[in-house]
Amino acid sequence: MKKPTKIAVLTSGGDAPGMNAAIRAVVRSCAYHKLSCIGVYRGFQGLIEGDFKELGPRTVKNIINRGGTFLKSARSKDFRTEEGRKKAYSNLKNERIEALVVIGGDGTFAGASAFMREFNFPVVGIPGTIDNDINGTDFTIGYDTALNTVVEAIDKIRDTANSHNRLFLVEVMGRDAGDIALNAGIGAGAEEILIPEQNMGRGRLLESLSRSKKSGKTSSIVVVSEGDEAGKNIFGLAKYIEENLTEYEVRVTVLGHIQRGGSPSCYDRVLASRLGVGAVDALLRGETNVMIGIVHNSVVSVPFSEAIKGSNAIDEELIRVADIISI
Amino acid sequence: MKKPTKIAVLTSGGDAPGMNAAIRAVVRSCAYHKLSCIGVYRGFQGLIEGDFKELGPRTVKNIINRGGTFLKSARSKDFRTEEGRKKAYSNLKNERIEALVVIGGDGTFAGASAFMREFNFPVVGIPGTIDNDINGTDFTIGYDTALNTVVEAIDKIRDTANSHNRLFLVEVMGRDAGDIALNAGIGAGAEEILIPEQNMGRGRLLESLSRSKKSGKTSSIVVVSEGDEAGKNIFGLAKYIEENLTEYEVRVTVLGHIQRGGSPSCYDRVLASRLGVGAVDALLRGETNVMIGIVHNSVVSVPFSEAIKGSNAIDEELIRVADIISI
Amino acid sequence: MKKPTKIAVLTSGGDAPGMNAAIRAVVRSCAYHKLSCIGVYRGFQGLIEGDFKELGPRTVKNIINRGGTFLKSARSKDFRTEEGRKKAYSNLKNERIEALVVIGGDGTFAGASAFMREFNFPVVGIPGTIDNDINGTDFTIGYDTALNTVVEAIDKIRDTANSHNRLFLVEVMGRDAGDIALNAGIGAGAEEILIPEQNMGRGRLLESLSRSKKSGKTSSIVVVSEGDEAGKNIFGLAKYIEENLTEYEVRVTVLGHIQRGGSPSCYDRVLASRLGVGAVDALLRGETNVMIGIVHNSVVSVPFSEAIKGSNAIDEELIRVADIISI
Amino acid sequence: MKKPTKIAVLTSGGDAPGMNAAIRAVVRSCAYHKLSCIGVYRGFQGLIEGDFKELGPRTVKNIINRGGTFLKSARSKDFRTEEGRKKAYSNLKNERIEALVVIGGDGTFAGASAFMREFNFPVVGIPGTIDNDINGTDFTIGYDTALNTVVEAIDKIRDTANSHNRLFLVEVMGRDAGDIALNAGIGAGAEEILIPEQNMGRGRLLESLSRSKKSGKTSSIVVVSEGDEAGKNIFGLAKYIEENLTEYEVRVTVLGHIQRGGSPSCYDRVLASRLGVGAVDALLRGETNVMIGIVHNSVVSVPFSEAIKGSNAIDEELIRVADIISI
């Protein structure tokens, strides 16, 4: 593959804090290597509609600290059709764009990989999702920020829990991955953490809460991952606990979309900058159909086929730590 | 009434950021005036159970910045019985406590006022609630902090709303008062604000959102007060909008208990300090059965009978401002 | 005066959080009243250089939450010359601009007032400065945010002060006004507060710190206003204390420019929105040469001549509260 | 070595956010393994003075979110004397304490290691310092929080820099290590970053700023590490730039002690929890004279002799990223 001279960048899927920092790094890295850089608005849909804008180093100033993605994101039904993808390819060709950087999650990579195979068009991915559910990278962009957002929210809820001797069930995001719940649960000092990788079950939760009460705890926070069986009906779980543990008043908070936004943490800004630079480096080395990830604090390339295999298993050491420190 | 030499302080009702700062001010004001100060744990229930602890100036150090109430709060069914109140009174007498400062909302003041009349026991109140729904004071302790918490949360949600061109319905607290919704809605740049004092109705909301869309807005935040008719079934409202405004994807976030917690804002810390000092001053002047409030930035005394009349009407100027700046 | 149909808006002097919210309110209020609105970049200098841009309601989206001023601010030596002001006037005339809204502090108002008298050009001001040193308004835009910034910074410093039993001198902004120091000092639980309105003197500070030590305090925060005599040589003060109070290790932190920035608090966003709407209202009522301020929570007009008289005296009640709660 | 049944824990050196979370993890891990746990106040000085307190799982509740160290820290001249250390040893023996966990930086580990050799007393260390300057661990407790604090502070300063087209020099902590400056500089979008590992020199800085100006940048942030040659006289550097680059107004902010405090980030809370659990595990395995660190996201033991060798070299990849994205 010859080295590209014009690169496009887009964001797709759920937004995550740090996506803007990643776009900025791609744009400035292009400027550094004297490549043109085109921003594609609204993800794959914008590719189909030709919603393009040239991006220079000054057009991305003052965005490193902003949540969301200024290129916007959108679902694209059209991109699932052959006709849609052909239109996308023809738009890229007409603009003389020679390679594409996509920032998003596994759905984004699956779409990009199919497009790559179909048209032999160079594509490199950057993992941007708060869920940390991508294989082949230790961390995804936005995950660290989401952890801080969750921990700060639970710190606030704990003020009330302590003041009233209450039990709070706090539902957090993460799709099928328990990473947010487990790490934020440890960080927030949760008494119990329910994650999809471990199905604790209502009975064991009840026993454990009962033990806590006896050991002198007067309030409790239970962090529930949205992907956990119990989390799928969190209000039902609350009722079940109240009926079976009468000492407790139970309250539910579903943290919701605040977890996707906010100014990115320093870690996410640095990670996004490294991966954005790494993506352009990879294209210049002639790589394609890979995701740029971070493993053991080094920037690496991982085939898309690996990345979309689903997340790594949950860390047993962390589960043990959670058990010990909630004693 | 002779000047008291020993004062008790308690917090009751929902917790609010700044309650600790108010307790601290009462305690240190007692020390300043060489009075003893007793902390009562768990509100009126602790009064009945004799859950008392002497508080000196050093015991309240490093709490001004903490949310919640270290004296804790609880509902007390027993305090609604004559027997319970008699027990409370006898505990106060046994401890030679001569006056009581209660920090809480209108329910707290109603209980305190009844107790005052029944036993002729001096009581002064301090308004502590995020809802700002107390008559006779411009602001309640915790309200300013809650506004900042809501605005910061909506800033995060807006990142996603902007990135995806979505409509978000955000439910905020406030009981029957629209103060939080109206002020935080203006502060967060909400497109529409639904408050109980104005029942906008679904039809008018739809028209207004439709106009916004035509004027070029690509995403919207609607702040819904929990007390508003529409807010009582916010998921139903979301469905109604999606069915009638097909251009929009609608999402719902119920902010919930994060609004009650968090480190108090500077304003709430200063307000709590002033009202705490004012409460002890009032007792030393021989006042009783009054709430200490803030009116036009001056500390005032208001009879409990006034304070519990329900909140002031909503400010028409603010509603006009909200209309103008969401154009 | 006939009602204007085209209005310009500029920011001048030191920036303050909430200036963007004020610009946004002026712009949208113009749109609401079907007036044209022109943004002038870089304050009076941009007026002279004709650095103008039409602002519509969508051009000010997503700025209510941002610190600083997107219209930028600058010192203008040229505006102090007759020639410069003539050029400014002629630019306004050429653009058919009929009235001007200036957002800034007393220097801004003095310049605007002189311009008004010289060319009989309608001008209305909005108080935007963190210092709260403008006469005729209870609060200036940015002040509440600066208080929260200072209090959060001192909360962090107190972690170290407590951990090491140290004395910290923390210098805060405010020019000749002690408002930031006094309110943030109370909010941060400072042991002593040095403000220009009260010249405590080194000797009395030493006595007071010595008393604190004896009463069992193991660490201390002293908030020093930049305008206070002692604050003008804060490192010298630190040395003086260490030499005379050997039990203490003393550290100095000058908070500096972090106090001017940051996302505005809800209060500042609402205040800025109200004053921005009020400024356009005033121009439509035919008012000129006035500042729009807030007094007892109502929007008022104050002649520039009043506004630039210097700030209100410091509140004696607050000084008493500070004394009592730092016992 | 037989397994200890009673363990003491202390914090020493500069405080860092997350130290409380580490203490909590040690205490609860002891409870989990049915060991007694003794908190030693004021570091090695408290060891000498016998300032001990038994810590149970409930005594460390609600501290995971607090900056500083509730066990306090202090310098101890006495611990540098043989007499002092003998007294410390005899206090440990009298209390039947069989092992010691020390939380701090390289100075702490050097002292602990000498004590270990002198009295053959089991000691394990946990790296707690914001500077990230400990060999053998990828991260130290407090570092991630400090990065976020610095980035948030510079985000605020940038509001003013942008509004006034100014150049800001921002001095950050880190002792001889440039880690804070480099990472926070990337995260804050700094134009230049001065670190001790690279001595850029004033001349090259000037050239670079000059190029930035020509490329259209209107404001700049330069992050200066306290350990850098240029950083040692930051006000002199400011003057030098103003004299040589007349287009710029230069301002200096020394961030100072706010960098040491604040509620720890989720990462630091989880890291501290893991290392606290790991320290007790190590003692139970019979290890001594080691620091528990994190390498490639796994908990490891590193001999004290390794840990105090000074920090790892700076990451060349990061320096390249910083260069590219500040284009």
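The letters A, B, C and D name the chains in turn, as written, and every chain counts its residues from 1.
Simple rule for what comes next: a residue touches a chain if its C-beta (ideal position, glycine included) is under 8 Å from a C-beta of that chain, and two chains touch if they have at least 3 such contacts.
All figures in this text were calculated on a predicted structure; none of them were measured in a lab.
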Between C-D and A-D, the pair joined by more C-beta contacts: A-D
Between chain B and chain D, centroid-to-centroid distance (C-alpha), Å: 39
Distance from the mean Cα position of chain D to that of chain C, given in whole angstrom: 35
Whole-Å separation of chain centres (CA-atom averages), chain A against chain D: 28
Multi-partner residues of chain B (each touching 2 or more other chains): 155, 158, 162
Overall pattern in which the protein chains touch one another (line/ring/star/complete/other): ring
Interchain contacts, given as pairs of chains that touch: A-B, A-D, B-C, C-D
For the chain B and chain C complex, residues of the former touching the latter: 24-25, 28-29, 31-32, 57-58, 61-62, 64-65, 138, 144, 147-148, 150-152, 155, 158, 162, 183-184, 186-189, 215-217, 263, 265-267, 269-270, 273-274, 276-277, 296-299, 317-318, 320-321, 323-327
For the chain C and chain D complex, residues of the former touching the latter: 11, 14-15, 17, 19, 66-69, 72-74, 149, 153, 155-160, 162-165, 168, 251-258, 260-262
